[in-house]
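Labels A, B, C and D are assigned to the chains in the order they are written; within every chain, residues are numbered from 1.
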Amino acid sequence: MSERTIRTNLISSVRKNGDALVASIIGEVDLGNSPVLRAALMDLIARHAPKKLILNLRHVQYMDSSAIAVLVEAVRKVGKPGQVALTDLQPRVKGLLEIARLDTIFQITGTEQEALEK
Amino acid sequence: MSERTIRTNLISSVRKNGDALVASIIGEVDLGNSPVLRAALMDLIARHAPKKLILNLRHVQYMDSSAIAVLVEAVRKVGKPGQVALTDLQPRVKGLLEIARLDTIFQITGTEQEALEK
Amino acid sequence: MTAMSNPTNADSPRCIELKIDSYAENLAPTRRAVEAFALGCGFDETSQGEIGLCANEALANVLRHAYGGATGRPIAIRLEKMPDGIRIAIRDWGNRLNPMTLAPRDQDPLRPGGIGLICLRELMDEIAFHPQTDGMILTMIRRKQASRRRGRRNRDCG
Amino acid sequence: MTAMSNPTNADSPRCIELKIDSYAENLAPTRRAVEAFALGCGFDETSQGEIGLCANEALANVLRHAYGGATGRPIAIRLEKMPDGIRIAIRDWGNRLNPMTLAPRDQDPLRPGGIGLICLRELMDEIAFHPQTDGMILTMIRRKQASRRRGRRNRDCG
């Protein structure tokens, strides 16, 4: 477990809330930068071992399948389905999750608060 | 003076306020659609002959020099400098007006209200 | 500067051609061009996004599969405005594998894969891989009037 | 499909080439690609916008001046990532006029003109028109570290 934080401006903020870790992702994520997002998220999960990971995607205007694959990998790393919540989805991102039929392995909520309460 | 309104979704709303006409422009304007904006604005000015024209550019994320030329033509058509106000400028649009040194022939204000009061 | 030396045919329909090399950083500029071109073809914002996504996924597959991750290899993209939609052709000089002939993989939601091709199938009206002697041309067509395929998906979701 | 048939050179620096025909509708997709490419070169949002504007203005000049408004004529654009910035080359097969050799026009603010070239001069670090036997190549360079030219403008405005 590395002590060094992987820095990227794709993750704009991280905070703990009890057993949950809340991180905000920002920008457009495609194969060009999803490896960086992957490294940063895996590092966060390894260092904090959160019971629940809440990813605020309000400022993610775009994601491709490589970004989705990173989110799915986060689910595997955190534990079982439902322990990763995605909040504040943009329509484009929501559409892609629906096409990929992956809207079930994540908890999808309108706000961070909802995700914390569930 | 034509009675037919030239319709374009580049102009999202038009309202009269006393002698002033307030129109909101929306979208990105370049040589590809500035001729349409020109036709619609000239039509509005011809039909309403406003003493003052206030153009809200809050939703104009981009303009090129052909769009600027349309705004300058509106100044000529409405009357003398200062009778066309541009409000709520995005930084990119403001930057272009400054480079073109045309920030003096328009009244540039932060809000529609300011433009109405001046 | 190959593209600098031969004029395009003035009689062809309105089109844009892009030549990129196989770096993932080139996906975003290409997608932006596709989305804006789709806007010019009269597609609404949601459709522009879907068309851009398909271009992204198809190009990412060229990078990862046709070229097996090798960088600096050429890809040519041609965007064409059709009376009723948009046509996108993607040319690579890769492994010539036609993914439509592959057996579908088992469906473990925690090992997702195949999302790229699902997008192409669900969001485009026509897709076809045309093997060349030295690579592949993928053509994709999206029409403005929703086809049965997309109609079905929309019903599913709504 | 000219661009579909000749691979680019794998040794060249990261670049994107676009071939468009001279329709004003093609400006927006090209500008979007330029802006996203500039993002990939490490430019901030303001700079991306300025670089996109310059590409737009240079292309609009090709449409209106080099081609005198004729549609369907070819234009090739090459975007190149440099260690410290971006290089844009625009090739046309038009009237070969070098606008840098024209006398400046009188300055009536109500008859503006020349804004396009002002943008290129103020926002780019280097611009050069290279006449060809059959047209023109314009090259523009913008560096990440602000040059004296842009420094001056910024002082004026601030």
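Simple rule for what comes next: contacts are C-beta pairs under 8 Å (C-beta built on N, C-alpha and C of every residue); 3 or more make two chains touch, one makes a residue touch a chain.
Quick caveat: nothing in here was measured; it's all calculated off a predicted structure.
Where touching is counted per the definition, the chains common to subunit A and subunit D are C. Centroid to centroid, with C-alpha atoms defining each point, subunit B and subunit C lie 38 Å apart. Between the Cα centres of subunit C and subunit D there is a gap of 27 Å.
Within subunit C, the positions touching two or more other chains are listed as 23, 25-26, 28, 31, 40.
Residues of subunit B found to touch two or more other chains are 32.
By the definition of touch given earlier, these chain pairs are in contact: A-C, B-D, C-D. Against subunit D, in their complex, subunit B makes its touches with residues 28, 30-32, 62, 64-66, 68-69, 72, 75-76, 81, 91-92, 95-96, 98-102, 104-105.
Touching subunit A in their complex are the following residues of subunit C: 23-28, 31, 46, 49-50, 52-53, 56-57, 60, 63-64, 109-112, 115-116, 118-119, 122-123, 153, 157.
Considering their complex, residues 1-4, 6-8, 10-12, 14-21, 23, 25-26, 28-37, 39-40, 72-74, 76, 78-79, 89, 91, 93, 137 of subunit C touch subunit D.
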